[in-house]
């Protein structure tokens, strides 16, 4: 069985494994105060083009989402997000578990617009009943989204502007950020994201690391005491250097971008193969996730040899599915899948 | 200005005020352990036809909802409710503030069905991703709903059955229960509700009391330590007898039902007046809330003399509004409003 | 049986009951936006000598403590309090239930000192382990304390200064504030409290009202969105005017102070009777609670006719007990108790 | 500088690093459902001598404590623990952050007794005020404790019995469990712990792993839906096999016990050196932490070359300090430290 079901099937990029081996018996201070973590922070600050952002390393995505969001909100405040958002659907109520409502906006492609944010904010500010409703205070987007789509520079700028106008924090979940930044149609880069978002994170778990997410905080208000909340929520790794070492490898010489491009290129090959076969897609995108709509019997043929995800029936005879490539995907496995597609 | 905007504009029924005056300087034990509270509990148990239900008195609706729900759920569990539900829209995230997600079901008339509950439950139980989603464990309904509609005996029974089948708690918010039980088309009664719901409450705040909601718990699991959670959430009234005295007055001789019928009867007069004028309604119902759809200019005429609630535009020239009657509504005020309707 | 066990055995002062009766069938807007609540706020602002304090009315003490504290703190922050503090011992973990640790300071008489606060703050600020500990951000005191003692002007000023120095909020629980302000040795007044505390409340439940606590907020940071949190925690009374009417009665003509003085005067009579009998006290104080240490057999004689509280054995043959007077205590009952004491 | 400040300065045991390298590019299912995790669970179940315990892997200690505790308690319940307990002092209020009070018991050596538990339980069960207090429902112990002491078989059995008597859960934090089990005076083993505790964990972070704690649940009630809460609290590692691989290495051939014994043996050498020099200890123990009391000037000499922890002054001229050995401690470093001690 060849796995295309997600982008975290393997361990870590070999350079990361080598770095972990090389440093293994060194002694260092705990909790992310070590020199490797310092180096990784420096590298990320530089790539963001901002000396004054704070950088913190956490282990996983749900943990990062809940820590960032709960550190930002007062008890009566909530976070606006697409109804498809990971925090709304697939984190077992982690945000509500910290006391905050996820206020959902309808979305077909995983993205939300500045107009939706404005409208939702104004509906919740409608005096005098406003205080009987949760107060929107943060906007959560992911880039790429759950559906592999990405925001362009203009869309992000508009979200930034509406957030600024209404004093909302803009938070980008970048669990797959590399795959977004290297996508064919991408117009974003780290400086642009750091400029427009109050806080975002650069995902490592799905992009070459064993585990790890690098949180970048631009907004001064959100910087204060962030480590306290990391600790309280169980997110401060004792051997914090494990995160520093990994992110230093990823960002010292562009490894992160290189392996992300690899995944996007292979995804495009698969996408082309599906398209040439005449299949349509649940959503059009250019990142490492591909969402073809297949006749059910074709899906059943493919699943004998390949692992992929079911996204649900679209009609009686068709099903939408998800294939993922990643930093670790082997070209030969992609070739095998393409052959199989052509033979359908 | 005559108020039809809600059902809690006045104080309490005169018999309640008299009872409070009469007992004012008596000395009694606090926290609801007094003899008046005992009497009120006895009366309610008898009306429910069940000796073994637990009865507790709380001050208000949001407080009651959050205490009942948080007492029932483990951290990863949530409550299914209509998207229009009070707990979803108008309690400033009180349920999320206790750590629990409100899992919403679409509803046009404020009600949800057993089929919806079953479908939502099964979607959330879909292994192996189930544990990445909030686990539904309670079903919240209100009767009457936010839109003044009521459940019939068969609908309630079906909800009960589906809850039993999947080990869900069924919770009925009865903030306006009296107005539901006395409605023309009602088929429910207290024994039937106590039989079918694991927990429900009988609203006093909107039905003749100064304040107060009587929680009735049938399910043994939900009975345990309920008073601890009342105390922790600030819901245990020091002079608990104030609640006992009020509910004893309401239920000693049927006052609760009598004053509820009064409100429903006046609502029906208003409903008829609107209907005779040719207006349609946002929702058809027979309880104390009336939701006519008015030409905007007619609404503007009425609001010069009467206070009522805006439910939102239905098209360019029409608006849905809400008028409420209550135990306290004076017949002469209803007459004035009917006159005004006829002159539109 | 004559009750001296607490200060909330009766209903409300007759002037309050009359006001509630007089206004009962008036129609008014809900949630504390009515004119009676406005009047009560004006009166309290005036008595505090500060136009810019915010005033809110809540139903009970636990509710008030949890709402004030959770509105002030971020998730990693805690509240310093005496180990005897009500929030630490007798609120079923209401503060922890909102996510915050109560950081306790040892206290013999219910009071804490500026020195203790400074020391605790510095211990928790000890870098770099500070972020592994809860961050103290608020100081909770009660006046009178659980042991009936009071702070003097100098002590309060010093607490204010240390809080200011370390950016801590100072919060005074004034559930029995009237009995403190009218105590023989008291040096505080409302302007002094409003000046030195970021937030405090004036208790009504134990001082003449049916129920109700008036929160006074001086600190601008704490004012923001306070009503949202009131609503979320179930503390926003639908018929908010009930609170406004009561506090207006208490403060329009000095009723609050007059009835407090009554209780303190009667307490002093009891205290003198115990002292003349040769008893010592668990704690020396001049407010409405009296804590004599009695031979166990004397306590057993008194409890045949009088209800009072057991504070625990002090040695094999002696027990500390608590008697409370209140606004409602009848002089004749005090006389009977004094007779009984003399006959021991 | 040679580090003796804690037991998590290095990476992981070389066998673990090799296993991670060897399996790195394998594809496997996420979230701990992989075959390595299954193997590790099997090994642990076998060592515990119980087929029916549930085993789960988490990343770190604070995370594990908060997940175990919050999964066990209802909102009004708290956990009894020594005042020195990690959850009380060094986890930034993680337990309170989940809504639960840590009810502290005084302790000199980090341990608590069955008698203390019984007394505390009974004090909190004192009707009718019980419901105004947090309800004790779990007992948290650590073995070894924060002060390196250990429970013996009889003490554990008595704790078990008192917990059973009062329906309390007994939870052992075993962050350093290996160092306890291999200590000279130890009488416990895994079957005995699994038998007496409702839930405990075997620490990997401090005992040879890069990170990881293995939770073992004996009590059926605590087993239900544990993974939901792991996910909600951000504790479910995407690449769960990383934990499985590590614990399989640790337990396949006794590595865990072997490396623990190494640390304890080196600690004993240091302890002897301090003792021969005439120093006393803050606490007597036989695990990997040593707490000598040094003249301040001696401590200052040692800290030029060695990193260790300050435990606070014991008198004007003496300070208690902590040295830790671990699985990774080199014999030559211990020799250097012993030399330095002898030269003081």
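A, B, C and D are the chain letters, set down in written order, and residue numbers restart from 1 in every chain.
Here is the rule we use: a residue touches a chain if its C-beta (ideal position, glycine included) is under 8 Å from a C-beta of that chain, and two chains touch if they have at least 3 such contacts.
Owing to the predicted nature of the structure, the values given are computational and were not obtained by experimental measurement.
When you average the Cα atoms of each chain and compare centres, the chain farthest from chain B turns out to be D. The chain pair with the larger count of C-beta pairs in contact, out of C-D and A-D, is A-D. Taking the mean of the C-alpha atoms as each chain's centre, chain A and chain C sit 50 Å apart. Between the Cα centres of chain C and chain D there is a gap of 42 Å. Chain geometry summary: the mean Cα position of chain A and that of chain D are 34 Å apart.
In chain B, the residues that reach two or more other chains under the touch definition are 75-76, 91-93, 97-99, 131-132, 135, 228-229, 231-232.
Interface of chain B with chain C (complex): residues 2-3, 6, 8-12, 14, 17, 20-21, 23-30, 59-64, 66-67, 91-94, 97, 205-206, 210-211, 228-229, 231-239, 242, 328. Contact residues on chain D toward chain B in their complex (touch as defined above): 33, 70-71, 74-76, 98-99, 128, 131-132, 135, 225, 227-229, 231-232, 236.
Of all residues in chain A, only 75-76, 78, 89-93, 96-102, 129, 131-135 touch chain B in the complex they form.
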